[in-house]
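Have a look at this one.
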């Protein structure tokens, strides 16, 4: 297997605070092949965004980062700011969550795209502007030749996010990190933005890390899926593995919270009870145990490793002591009251 | 945008009109301009009557206001108690004051923006702490105190040390000053340096504090993170994306502070013996010279309104969201 | 539930980290809408009390603000104690003329034999007296006008705000000089001074409260109280004011500092506090002529004046930070 576009190994990110150390990411491994789409799913605070920012070298200075992040075999962690500056945009581009605030309100859209182009390519202002119009067309902005001179406040949320995508693809990056690119948008607009993202992948051939808490967004797009909880990967596998053979109760919970067209009329959407754990200080046991209907004493004592799930192919792994028995029943029942044994059995 | 400015302008005119009424009432209620004259038992009664007639003190208040207002509309600011026209005095004193205020404001803007940016970039480092503490101490120092301290403990010792007068502490220029403009510059400098420094130090501090917090807020903005993610150099991010946006509110605050600078100028002039507008006004208050007080308050109120308008326009120029609203 | 657990989520860890990094001195606990635009204002419920505790917690963690508070309290207590128990009263005339600082007269004596320590501390007391009166008065006027304008909107609002504009057009210091020139002829005029300074210092807080009220009155809890038949007065006082209290307190603190600046300036011009009463500004004025010879007549009043004002500004800055920590967040 060739060197992946992006490989993260044993990533740990700590933030010292007055109340103690916050462990935002606790030993994360992932790899992204060239042109591949990897979905990262998890609730807020699970460490998804921190991972992306660490990859860009954009974490606040107080953050303590350990482990390894390699881009095309080249170590990123510990690189000088100047080298990182060169890498950003050309090697790895990032798209942020809130398009309403991602663009600078005082410059036109075209100016901001052209600025990204001219940061890395030796082209004239006119050429950069022309390229900006092309990019806007590629992400599906109507009348790009006129729209290029608009200010961000003259764009709708969806259009702004497409402009951000255009900035992301401006320098043909090998990897695009999209952090909740559709979360802040109306459902009707989300599909358009995802189309723009697909267009960007087509044009640049980049690999995509798509971060979201919404499995629905990932379903049509991701080749592989990584589920994060409390700063760790708790399940990873092909989209098919994770969607059809979930082996970690948390994944089941996420799937159960997804509306389904084929569900029976009486089924209600379920939600995972409780809240994600505080990332402050040390703890033992499986971090999901307090919310898990299957939790046993073992779970509360020992945190499970991310291990291969036997029946599936080698790439499907899950961090659950009961990975083999999870989800072999109707996963919708897992979080109903009193029917837990139904699943275990 | 233009309609907005026009509307603001018209409202300003109305407010200025009501301000003249309020100011007139305040000034005329301050006391009897002839009290001193009357307290002297040797003043002949006829003199008092003549002066009362000259100053229209026996006319009804509304009549006096109207006469004054009508005069103002025709560029006539009336006469002083001593019987001299007010307007020429006003302009000559205004020029003296503006010399100090303009120099001080320009320097203060650069110092404030520079130190504010520096403190923000070096946040929580030694430079930041030093700048912030200095700013707060200056903010807590009344103008007259700072002026006195600079005069007594900076200018005089330096002059004594050097053995010649570098910093003058009394007056805006030497009384005997003459000759071509270039040869007068050292004299102007020696007289202006300390008053301007005083005004700079008391003025810049609050602007620098504001600039720093505006920078810090902008540094945390999402669009700055995107700018960094684009692969822009640190310098470009700081100048084009952080400073550019952080300056928007600061510019407004500076423009709106002009009235405060004029207020500070009153004290600076008194401490350093400048025959400026502030000194003139205070003399007018102590002698209860109605037309001098009215002229000063009219001019400063007009400045305040003018700079409010400038602040509005600058906001529109700097922020496209306002420009097209 | 398309968005799992975004609402009931306790702590956005990296966001808090960024806050701490930004030096905003916040407690990294989730504090839904403390003070400013708080979510709830049903009297002093347990929640309200705990919000105060959070604000207090943020305040005590700021070193400069605590130094300011300590200094201010110390000066206040000392000025009262010195007034009662020090061997000299500030009006006492001793036989020591222009003596430099000594054990009996730690700040020296002036040309007519007053003990400068007693004089300076009496000046501190007078300044505090005036400044606190100004702040109380300005806040009362400003909050009342701002609350009425913001709550009733419409023509009441327009009328009151145009009045605010009108007052703001006047150059504060020049008008103070004008008004105080009449007062200067009376002795014991400190209350009059406080009234005229207060009369020109309420505009900012009025605008602030109005802006807060304009947005608060659209909030659910106000709608709810109105639906329950609460009177306007009750809604304003019990429900809306507690939610706007943060900026009001911060502004009142700054007003205390600013009014000391105004008062001392007027006293320096001979238009403020009149002898035999003393204020720090008056002492600075009396000491300036001999600043380099009898330095103690100048240096002590100057130092105490600056330290007093500085301590108040530090408290104000700390309160602002405590009520409204900058919430910078990195999303997770």
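Order of writing sets the chain letters: A, B and C. Residues in each chain are counted from 1.
As a working rule, a contact is a pair of C-beta atoms (placed from the backbone, for glycine too) under 8 Å apart; a residue touches a chain by one contact, two chains touch by 3 or more.
The model shown is predicted, which means the values in this text are computed figures rather than measured ones.
Engineer: Could you name the chain whose CA centroid falls nearest to the centroid of all protein CA atoms?
Structural biologist: C
Engineer: On a CA-centroid basis, which chain has its centre farthest from subunit A's?
Structural biologist: Between subunit A and the rest, the longest centre separation is with B.
Engineer: Comparing the two chain pairs, does A-B have more C-beta contacts than B-C, or is it the other way round?
Structural biologist: Higher C-beta contact count between the two pairs: B-C.
Engineer: Roughly how many whole angstrom separate the Cα centroids of subunit A and subunit C?
Structural biologist: Spacing between the chain centres: roughly 48 Å.
Engineer: Taking each chain's centre as its mean C-alpha position, how far apart are subunit B and subunit C in Å?
Structural biologist: Centres of subunit B and subunit C (C-alpha means) sit 24 Å apart.
Engineer: Would you mind pulling out the distance in Å between where the CA atoms of subunit A average out and where those of subunit B do?
Structural biologist: 55
Engineer: Quick check: what residues of subunit A touch more than one other chain, meaning two or more?
Structural biologist: 98
Engineer: Would you please write down the residue numbers of subunit C that are in contact with two or more other chains?
Structural biologist: Where subunit C meets two or more other chains at a single residue, that happens at 18.
Engineer: What residues in subunit B touch two or more of the other chains?
Structural biologist: Within subunit B, no residue contacts more than one other chain.
Engineer: Tell me, which parts of subunit B touch subunit C in their complex?
Structural biologist: Residue positions touching the partner: 11, 15-16, 18-19, 22-23, 26-27, 30-31, 123-124, 133, 136-137, 139-145, 148-149, 152-153, 156, 216-217, 220, 259-260, 262-263, 266-267, 270, 281-282, 285-286, 293, 296-297, 300-301, 304-305.
Engineer: What does subunit B use to touch subunit A in their complex?
Structural biologist: 221-223, 225-234, 236, 240-241, 244-245, 248, 318-321, 324
Engineer: Can you check the complex and tell me which residues of subunit A touch subunit B?
Structural biologist: Touching subunit B from subunit A are residues 56, 58, 81, 85-90, 93-94, 96, 98, 101-106, 115-116, 119-120, 151, 153-154, 164, 167, 170-171.
Engineer: Mind listing the subunit C positions that touch subunit B in their complex?
Structural biologist: Spelled out, the residues of subunit C in touch with subunit B are 18, 22-23, 64, 162, 165-166, 168-175, 177-179, 181-182, 257, 261, 264-265, 268-269, 281, 284, 288, 291-292, 298, 302, 305-306, 309-310, 312-314, 317, 326, 328.
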